[in-house]
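The following blocks contain the structures, represented as structure tokens.
You will see two complexes here that share chain A, one where it goes with chain B and one where it goes with chain C.
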Partner chain A sequence: MIGLGNYLILSGIIFSIGVVGVITSRNMLKVLLSLELLLAASNLSFVAFSRFNGDYTGQLIVFFVILVAAVEVAVGLAIIVLMYRHFATIQVDELKDLKW
Partner chain B sequence: MSITAFFFYFFAAALILASLAVVLARNPLYNVLSLVAAIFALSSLFILLEAFFVGVILILVYAGAVLIFFLFVVMCLNLNSTAMTSINQGRFRLLGAVIGVLFFGEIFLAIQVFLKAGAMPPSSIRGTIETIGQILFTDYLLPFELTSLLLLIAIFGIVSLAKGALSTGVAPTKAGDR
Partner chain C sequence: MFPVINWNLISLEVLITAILVILVVVDIFLPRESKEDWIGALSFVGLAGLIVFWFTQSNLTGATFGGMFIMDSLAWFFKGFFLLVMVFVFAMTQEFFKALPTRKNEFYLLLWLALIGMCFVASSADFLLLFLSIETLTISLYVMTAYLKSDSHSLEAGMKYLILGALTSGFFLFGLSFIYGATHSTRFEAIQAFVQTHAMSPMILFGLVLVFATVGFKIGSVPFQLWVPDVYQGAPTPVTALLSVGSKAAGFIILIRLFFGIFASWHIHWSVIFAALSAATMCYGNLGAMFQKNIKRLLGYSSIGHAGYLLMGAATGSALGLSAINFYLLGYLFTNLAAFVVIILFFIAQKSDEIEDYAGLVKRSPLLACALLLSLVSLAGIPPLAGFFGKFTLLMATVKAGLIWLAIVAGVNIIVSIYYYLLVAKRVYVDAPRTNSPIPVSLSMRWILGLAMAGIVVIGIFQGPFLDMAMTAAKGMYLFHL
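Let's look at the complex of A and B:
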């Protein structure tokens, strides 16, 4: 029987993988992709709670999270492109200066 | 094993494998494509949870728009092999693995405690376009309209970022970057 616990554990696994990705990646693109994994994991637990509580609010929150994530990715990728133009690299630890 | 359990474990395994590929693959192209696979598996899980609308939106917006945007950037940046492969330093990888395991252990314990309260049976709600739309346009009308403002602000931000870089003449540090 697949219960709420299975979905929550799966969501925890995905979230942990995303955390590891954010910590270990030095590539800016990979950091953004790992952030997407974190959002996906929280979306999964929202939908699972919505299903098992009988409340649609969780699914609506997931809808808004998807919207905000799209905005975040657009701005983040614009910053990455600017960073590449300026530094000719997208390695995170190349960013040592506060002022460009 | 019931058919639901089979599908759950199948898509859960696909989701975990794809997420691992997102973090571990060296080529950014493979990272992005693995995230597409992960989003498809996640969407299948949503549909298994009878959240049809959110599942379809996830594929449309994420796999259709956001990740294609990622692919465009990966292609536009024209990363050579040295800039492309993210060299994970050993200590960072070890630190990441330790923190990841600890983090998952913490989440696992929290869920165990939470589930001791008693197993909930699945409810019979179905997240179709009709039900979600009804709530979206009554109770959540203001947040829904505000998201359009958010998108507008994001457009202004991106345009000003791109234009600022062009008008102030930020020269690429290496020839032939673009």
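Let's look at the complex of A and C:
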């Protein structure tokens, strides 16, 4: 029997992968993908809670989260394109002008 | 049966959205090579109308859209605050882009979008609406931060802001899902009712810590402060001004709604946490600011320090502390924006934000030097200016709440901050100028500077009416509970 706990553990694992990915990735596209994982993990736990609580608010929220995720990626990709034009690379390491 | 929607409560937001839509259409039909700044002029007309309209809403209270959207004294206070911030930011934008080849019409539209987001943050009574309004504000700020596409600093700042901002909104959502799971609702009212009848549960606590990540990110509190100096330095200066006042105030509204409203009955548990965060934040900001060579970066660190002072008010958990936060933010608005207006005018003339280039500013433009001095002295908290009385009320609330050690830490920090603020003032007033060319200040900028300086002095000397305003905003707050 798959219970609420199993869903939450899965979503926790996905969330952790996302956080580690954001922190350790050097490639901007990978960072954006990891950010998407965070939102996907939240969606999973919203739907799980919604199912086991027996109300629909959680499922409703998921639609809005998908929307926001799309907007974030759109802006992120736009900045990556500008960055590639300017630095000819999309490695995060190149962003080191602003320091102390 | 459909619920009845009270459009009167949401009319300010509807008007702002209408103005945005009109401006988009106007922008489409404007000739590309038009020299006149129509969008900027229309924006000012719109803002003036909105401020008049805002005054008529002073006694409006109630909830609509099934309790998702509320209007109360706190929301009213902060909407006025945001409109005032926008008056300054629009004026700065107009001046800033005059000297640049970049198109600025889209920038105005993004500013309007950010204003919509901030007004909705002030009025949210549901976590879903709160999330969407925070994202409206933050995403328009991402774009504005990276707006100068040919400037590598602006791009770098935009990228960093986007990565960390999206990371914290991921935290917010994940935390929210746990609060929703434990309380079966996202409505503030229902969650407060749940919290008041239950003991603290690990699930809600876990959710709340993650939700606080977004608040901490917006206000620039430890441990979410790392982006502040980089983004403040790299972003176009009008955006830095908006980040340091508007976006910070939006973060404080969320903090107030969460910890003076919904979760106030567990206050005893986080008074200590806020006190520790406050001490760490002000030490980080003020110690970091001491060694800065770039004025925008210096103000970035200083704004972290001010977030630390403001968190003292959150640690008190009293009505007095809450009014002190409101009052401090009001003084901070005029003080900080005066500094940013000077920075923009100086940048246009000199193409530099380095503090050493400010040497002898008083000989080149006495008005700018005077405005910068007033602003720095008020930030440092020297009487009789706005910053002094704000710090005074915050410290008073802290001592009354029994957090004497925190008040002492704040006192030491204020002394440290006087050092680096006056170091800049010394450059401006004592050092010899490198060039003697005067810095021109246009008429509109004189007005804006005059408004900011008047605000600093008037709030400092006649605190009474402003303190009353801050107290009324605090007392009439929806779900207020202590």
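Following the convention adopted for this analysis, the second predicted complex is superposed on the first by the 97 of 100 C-alpha atoms of A that agree within 3 Å, B and C clash if a C-alpha of one lies under 4 Å from a C-alpha of the other, contacts with A are read in each partner's own complex, and residues count from 1 in each chain.
What we mean here is this: a contact is a pair of C-beta atoms (placed from the backbone, for glycine too) under 8 Å apart; a residue touches a chain by one contact, two chains touch by 3 or more.
All values derive from a computational prediction rather than experimental measurement.
Undergrad: Which chain, chain B or chain C, is in touch with more residues of chain A?
TA: B
Undergrad: Looking at A:D97 after the superposition, I want to know if it touches chain B, chain C, both of them or none. Which is it: first, second, both, neither?
TA: It touches chain C, and chain B stays clear.
Undergrad: Who does A:V71 touch here: chain B (first), chain C (second), both, or neither?
TA: Both partners.
Undergrad: Which partner does A:N53 contact after superposing on A: first (chain B), second (chain C), both, neither?
TA: In the superposed model, A:N53 contacts both chain B and chain C.
Undergrad: Touch check for A:T89: first (chain B), second (chain C), both, or neither?
TA: first
Undergrad: Figure out whether A:S42 sits in contact with chain B (first) or chain C (second), or with both, or with neither.
TA: second
Undergrad: If you stack the two complexes on chain A, which partner ends up touching A:V19: first (chain B), second (chain C), both, or neither?
TA: Both partners, chain B and chain C.
Undergrad: Looking at the overlay, what does A:L10 touch: chain B (first), chain C (second), both, or neither?
TA: In the superposition, A:L10 contacts chain B only.
Undergrad: With the touch criterion stated at the top, can you tell me which chain A residues are shared between the chain B interface and the chain C interface?
TA: After superposing on chain A, chain A residues 15, 18-19, 48, 52-53, 55, 57, 60, 64, 68, 71, 75, 78-80, 82, 86-87 contact both chain B and chain C.
Undergrad: Can you list the chain C residues touching chain A in their complex?
TA: Residues of chain C touching chain A: 128, 131-132, 135, 139, 142-143, 146, 149-150, 152-153, 155-160, 162-163, 166-167, 169-171, 173-174, 176-178, 180-181, 184-186, 229-230, 233-234, 291.
Undergrad: For the complex, give me every residue of chain A touching chain C.
TA: So the residues of chain A in touch with chain C come to 11, 15, 18-19, 22, 28, 31, 35, 38-39, 41-42, 45-46, 48-49, 52-53, 55, 57-58, 60-61, 64-65, 68, 71-72, 75-76, 78-80, 82-83, 86-87, 92, 95, 97-100.
Undergrad: Contact residues on chain A for chain B in the complex?
TA: Residue positions touching the partner: 1-10, 12-21, 23-27, 29-30, 32-34, 36-37, 40, 43-44, 47-48, 50-57, 59-60, 62-64, 66-71, 73-75, 77-82, 84-91.
Undergrad: Show which residues of chain B lie in contact with chain A when the two form their complex.
TA: Touching chain A from chain B are residues 2, 4-5, 8, 12, 15-16, 19-20, 22-23, 28, 31-32, 35, 38-39, 42, 45-46, 49-51, 53-54, 57-58, 61-62, 65-66, 69-70, 73-74, 76-77, 79, 83, 86-89, 92-93, 95-97, 99-101, 103-104, 107-108, 111, 114-115, 119-125, 127, 131-132, 135-136, 140, 143, 147, 150-151, 154, 157-158, 161-162, 165, 170, 172-174, 177-178.
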